[in-house]
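Structure below; questions to follow.
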Amino acid sequence: MYYFDKRLQWPVKVEKPDPLFARMLQQAIGGVEGEIRVCMQYFFQAWGARGPSTKYRDMLLHTATEEIGHIEMLATAVALNLDKAPVSEQEAGAADGLVGSIMGGGDTKGVINGMLHRHILSTGLAAYPADADGVPFNMSHIYASGNLAADMYCNVAAEATGRVLACRLYDATNDTGMKEMLAFNVARDTMHQQQWLAVIEELGEKAHLPMPNSFDQSKETQKYSYAFFGSAADGTPPMAGRWTEGPSLDGKGEFSVMQNVPMGQEPILGPARKDSYAQKEQM
Amino acid sequence: MYYFDKRLQWPVKVEKPDPLFARMLQQAIGGVEGEIRVCMQYFFQAWGARGPSTKYRDMLLHTATEEIGHIEMLATAVALNLDKAPVSEQEAGAADGLVGSIMGGGDTKGVINGMLHRHILSTGLAAYPADADGVPFNMSHIYASGNLAADMYCNVAAEATGRVLACRLYDATNDTGMKEMLAFNVARDTMHQQQWLAVIEELGEKAHLPMPNSFDQSKETQKYSYAFFGSAADGTPPMAGRWTEGPSLDGKGEFSVMQNVPMGQEPILGPARKDSYAQKEQM
Amino acid sequence: MYYFDKRLQWPVKVEKPDPLFARMLQQAIGGVEGEIRVCMQYFFQAWGARGPSTKYRDMLLHTATEEIGHIEMLATAVALNLDKAPVSEQEAGAADGLVGSIMGGGDTKGVINGMLHRHILSTGLAAYPADADGVPFNMSHIYASGNLAADMYCNVAAEATGRVLACRLYDATNDTGMKEMLAFNVARDTMHQQQWLAVIEELGEKAHLPMPNSFDQSKETQKYSYAFFGSAADGTPPMAGRWTEGPSLDGKGEFSVMQNVPMGQEPILGPARKDSYAQKEQM
Amino acid sequence: MYYFDKRLQWPVKVEKPDPLFARMLQQAIGGVEGEIRVCMQYFFQAWGARGPSTKYRDMLLHTATEEIGHIEMLATAVALNLDKAPVSEQEAGAADGLVGSIMGGGDTKGVINGMLHRHILSTGLAAYPADADGVPFNMSHIYASGNLAADMYCNVAAEATGRVLACRLYDATNDTGMKEMLAFNVARDTMHQQQWLAVIEELGEKAHLPMPNSFDQSKETQKYSYAFFGSAADGTPPMAGRWTEGPSLDGKGEFSVMQNVPMGQEPILGPARKDSYAQKEQM
Amino acid sequence: MYYFDKRLQWPVKVEKPDPLFARMLQQAIGGVEGEIRVCMQYFFQAWGARGPSTKYRDMLLHTATEEIGHIEMLATAVALNLDKAPVSEQEAGAADGLVGSIMGGGDTKGVINGMLHRHILSTGLAAYPADADGVPFNMSHIYASGNLAADMYCNVAAEATGRVLACRLYDATNDTGMKEMLAFNVARDTMHQQQWLAVIEELGEKAHLPMPNSFDQSKETQKYSYAFFGSAADGTPPMAGRWTEGPSLDGKGEFSVMQNVPMGQEPILGPARKDSYAQKEQM
Amino acid sequence: MYYFDKRLQWPVKVEKPDPLFARMLQQAIGGVEGEIRVCMQYFFQAWGARGPSTKYRDMLLHTATEEIGHIEMLATAVALNLDKAPVSEQEAGAADGLVGSIMGGGDTKGVINGMLHRHILSTGLAAYPADADGVPFNMSHIYASGNLAADMYCNVAAEATGRVLACRLYDATNDTGMKEMLAFNVARDTMHQQQWLAVIEELGEKAHLPMPNSFDQSKETQKYSYAFFGSAADGTPPMAGRWTEGPSLDGKGEFSVMQNVPMGQEPILGPARKDSYAQKEQM
């Protein structure tokens, strides 16, 4: 179960409220690379964790719990950036100096054009769980497969796209308070990338490949297990790379290149069933 | 641009049509771990590829194109498994021996209960782009960040959960034809995991960490870049693991453990704006 | 504006409540081929209708208004079919004869397995706006383009898939009351297909092709306007059909067959921008 | 920021694992009446709270934090109920006595038909954030308007439908452990209904009506502010009720009944713009 | 069944077409606080209404039918506001005085930036069922639980957020016609809040609490039924409020405060099943 | 199975990169009228094709394969239009001449306001599968009913709205390269409209009406099969049109007009079940 402390994990300060940056920050809240996603992904992985040791459940709970605090920081940042936002075109035209100066003084009306309108109409100038273009977060993005190694790679992927996003946000603002908050976020993403990779390493170097490692590989069609298929229409071979020759990364095979050709039949499904209400001509 | 060959990449044969297995196969078509996802993900990564070399675009196009053929194989398998499906309860009651025998003879009516009803009502006994519980695939799952290393980890994650799924499907059927098709799919997933990891290796061992590697790390709050934060309410330290001590995986830091404490303020947003239509008491 | 009469457009009677048929009927309420879709599609086309005459707005309002009554009939049918539904497994085991007899007496527990669980848990045994597999209707399916001819074809498409669905539902039940309701629905779909096609005819035979007919065709790349492109990898020509030779259906061209070949360049996007946080190797 | 304790808020025990009840419990996790919804709704209301006092932010944080623990309890219950689940039809046929006995011994194959297939294929027998029919939770259901009274009613509504759901779940199981967990959940929902209503009372009896109470009512078209409009086509008056006569609940008006009649014009939008690509006939 | 009158319920006039206000109005059509939502919610509650009296079905039908007319008014207002909208950047640059003057003459190009692009590209300058940021309405927002009191609170919540929205829209425009239409909408929302509360009152003061009131409260874990749980990590008690002491609002208990502590076990799910394709280390 | 050629089907050139036009082009990629939709729709129709001849599968595969190349062209066009896009407000303020000149020099800051923010934050200046307002494509839009004639009308509808979109895009840009690409797209849409209509013609003129044509029409309630129902509240007859008199388009009936009246009962569902947790008053 869970507890809170009213204070934030890290200071959130906004020097010059900027409703357009509030829109950008939404991507880090409700975007597929955002904090709700990692928070819930780690929680569901923890809550479904099975295995001889509870240490992975433990690790996941620590970081999932930390991530709630990250959503909180970002939501606070959005609210602070919306503090002076215009809520009508008229107001945009007469925007006070603060917002105006952000936009250079001559384009205050552009502010409302660029804002998420639900910030104005639906939330009373606060954050909500949607991305920077207003699309609500969909929980289908919570990856928790029940396979620890696969899940760790899902987590690395989430933190990798998350850190790319945080870097872009860092660059997109001049506000010192926001830059300090984002520098902290970037640092935590660095750590989170590391820790999921550390689990992979701890699972035994490359022994976890291919994922899952609990399926008897003799049952797969091994002839094609380490072959890169070329699909160029004219048979031009793929450009050479680490994946076209040399030992495979799990040390169990040799990479090769094969041209992709039909090994299967042309699928003829036959006439439609009489009761399927296809056209008569199909029966 | 693209071409087709009417024949399938690999033979698709169904010995005993099983409409319940058709439902399961839908997960590999329209599930978030499925083939539409990897196909479209690799295509969008290829179509947006930037960089000094075109080799990654080349590689992505080869495999994206191969994946269209995988959707095709699975869609064909679904249609074949639906060939004898009951389309009404009455028919379910009088199901012919083929379907009946799958269910053991005494439970033919259960077949229609377990089927996806859109297979009966909407598609005329064919595949459609939804998962095994009927939820349509949503294209927000196409990850293509513009950062090559991050995208490769997204691809490993997709193929890892995809291979877990293929293994589960392999086990869930006794049909020889289906097992042969799935053995091929598992093999290709093995290769695809390998090839995305090979790109990561080719990018220079650990030099790609943290992702993105093009953000000046001196700008992040480095004190916390390799610190695992404990969030237990009573301060119990996290269980020890590879991620709590020793050098970080990028070789740039040392893992440590820190108890998570509030470093930020309690956020007080202040009274609501007069024009925000909060309650009067909030103003 | 709108009015109601408490009575239904057509009698809705259920002789033997069948919770599994209630699930099937949901497709006609909240499926993409269902009644909410046509109702709202015709309303939005009417509310946005522009043109010298108001007759199309008039026609659309008549039929949109009729369709509300169809949703009502189906929602009533769902509620009646759920009247005796088991709401727990225990009850399913001891189901009364009515439901039991539907399933043949020996499989009453299968009923709850096959039911939509939100019928039990969320609605109190009533209809809700989702399809037969429980997926909520999404309003992105309301097609209203502002082009009358295009919209009419969208309406024909909706009524065509809708009538296919109604026929399948008709076959899926033995209940006399339900069959009579569905026979009425099928009849109305017959008419609705006819009336949208009648608008197309009234617009002047083929003068509406291609849609839109208000774009100067000399601006399109006319060499390819009536050419069927073959995309077989080995150049096998497409099988002959009405679309491969003879005059086009708008009488403005001659059908021909051309092999699809690249007429464009290989797209090289070049190095990534320095501030895009691609990997360094991409810059 | 946030902390966790590894232990659950309340014991979660499952005597006889039942994969079909696991499906039902999903509604309380990822359904629109479920715990993710209330948890996130209270958090976003707290994080966006504005006003002279911080007491509502405080109250919301307490309960939002409690709700994380409720998702955790339910997710744990789902995993425990899936412990013996069959993962293939063959296994279903030979299901061990435990599951078999739940279904009465003669219908073990029905179990897999009734299960959510993503429990088998995607999660490794664990919970995920979707409802009882497999539809992922969508964050558009997080209501946080910035108006305290409106938000409190949204919270009452959420807890009302949530408690209805919990009662139905309580009835749907015979498992003592599950019944004890759900009895606790029902109790907490009782309290949560009370506390949101208490805020409303504290805001000053009926002074919060209509919501928002910060809009000058003299600006609304007051003639119609307390009139119940009848829409029966034949003018039959609405049946009498508390809403048709007597003082309004905010004490500011008298209820009356008016027949709904068109007070507006027939909307004629006129010809379409030449550049809108409507049909020529529309221009 | 249903009827229409071509005329609108209330006049819709737009003095100065403003495509940016058209965007804002979309929130009242396809937003979660909008008119499609209440219209469909009341209809589905009516169509599923059960009980000894038909008066609630009657009441719901009256208002649901009225709400169709509200969608119609708003859709008409959107179309009228889009009448002079620029449909290309070039046109935006040379926008006629009318639109230009709205934006102050110097920023006509900003208009197209701020518009919903589907207004230009997909609808031919008309309304469509999406919100002010372009997100289509999703029918999962139709709450109809089968419990009358719970549904009434859902309706109050919908009208509360709806009236907040209408007030914000009223303020966001200077157009006299639009202000008159919105003043009418605000008045109707006032009434609709009242009427749902009147049903609650009619159901017997507080006898309807907790919802549902048909579950035997002795079965809930009553010790916690009126206890506000504190979740602060350091045990700081919640701030005092109406919900921390005094009689509960249903008169059945006394509010108290309890610190939230784990009353449950640490959940250990145990090793993964051999056939679940977790990693070997998890088995 | 499938092959690719690295080159594009048709040249894609952008003379003056315009990030706002990149946004518009997204509608043709991930909009419901866009290329992913037609591509996947034709593929799923082909993969599920049943009937005595394989010619329709053949035809569908040719065109589905062509459509992948169209997505590729548009994705390339989006990436090229984003080449000079500002990625922060500061940069927008100091935008180089190229972007600035598009907007007329005085409004460079408006560019970032009008852009899709995921182009900046999530994709690294590349296309992604969403529409012009950022809503991801949802695969529920893939219509494949198993009825050939119905599917052909779905395809005509898709190409009709698609061509309307392409015409609007053609008008919205001044860029010669973009105009040439779009002229090609418009031409192909012309052909695709023709070819689906050609299938309908080949199926035997009007013999395919009503769809499906495999349901015995004597079973429908034929009295209402060719009757246009008037729903005006005051009985005003519908305006006369091709659909109100004369032979029906399938030659099987005569159009007539009937006033819509209740032919059914008032639906009284009766008291709620005791275990449904409706309010006590409903039981």
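Each chain gets a letter, A, B, C, D, E and F, in the order it is written, and its residues are counted from 1.
By our rule, contacts are C-beta pairs under 8 Å (C-beta built on N, C-alpha and C of every residue); 3 or more make two chains touch, one makes a residue touch a chain.
Computed from a predicted structure; not experimentally measured.
Rotating subunit A by 180 degrees superposes its CA atoms on those of subunit B, with the angle stated to the nearest 5. Over half of the residue numbers found at the subunit A and subunit D interface occur in both copies, marking it as a same-residue contact. Computed from the mean C-alpha positions, the centre of subunit A lies at a distance of 28 Å from the centre of subunit F. For this pair, subunit D with subunit F, the centres built from the Cα atoms lie 33 Å apart. Residue positions 1-9, 32-33, 47-48, 50, 54, 58, 61-62, 65-66, 69, 72, 76, 79, 87, 106-107, 110, 113-114, 122, 124-126, 130, 133-136, 138, 140, 145-147, 149, 161, 164, 167-168, 171, 211-212, 214-215, 231-233, 260, 262, 264, 266-267, 269, 272, 275-278 of subunit D each touch two or more of the other chains.
Residues of subunit D that touch subunit B in their complex: 1-6, 47-52, 54, 87-90, 93, 106-107, 109-110, 112-114, 116-118, 120-122, 124, 130, 133-136, 146-149, 203-204, 208, 211-215. Listed in rising order, the residues of subunit E touching subunit C in the complex are 1-9, 30, 36, 40, 43-44, 47-48, 50, 58, 61-62, 65-66, 68-69, 71-72, 75-76, 79, 122-130, 136-140, 142, 144-147.
Taken together, the subunit A residues at the contact with subunit C in this complex read 164, 167-168, 171, 233, 275-277. Here subunit E touches subunit D in the complex through residues 2-3, 5-12, 32-33, 54-55, 58-59, 61-63, 65-66, 69, 72-73, 76, 79-80, 83, 87, 124-126, 135, 138, 140-141, 143, 145-147, 149-150, 153-154, 156-157, 159-161, 163-164, 167, 170, 180, 183-184, 186-191, 193-195, 197-199, 201-202, 209-212, 214-215, 217, 219-233, 238-243, 248-250, 253, 255, 260, 262-267, 269, 272-273, 275-278, going by the rule given at the top. Of all residues in subunit F, only 18, 20-21, 23-24, 27, 31-33, 102-104, 106-107, 110-111, 113-114, 131-135, 161, 164-165, 168-169, 171-174, 231-234, 260, 262, 264, 266-274, 276-283 touch subunit E in the complex they form.
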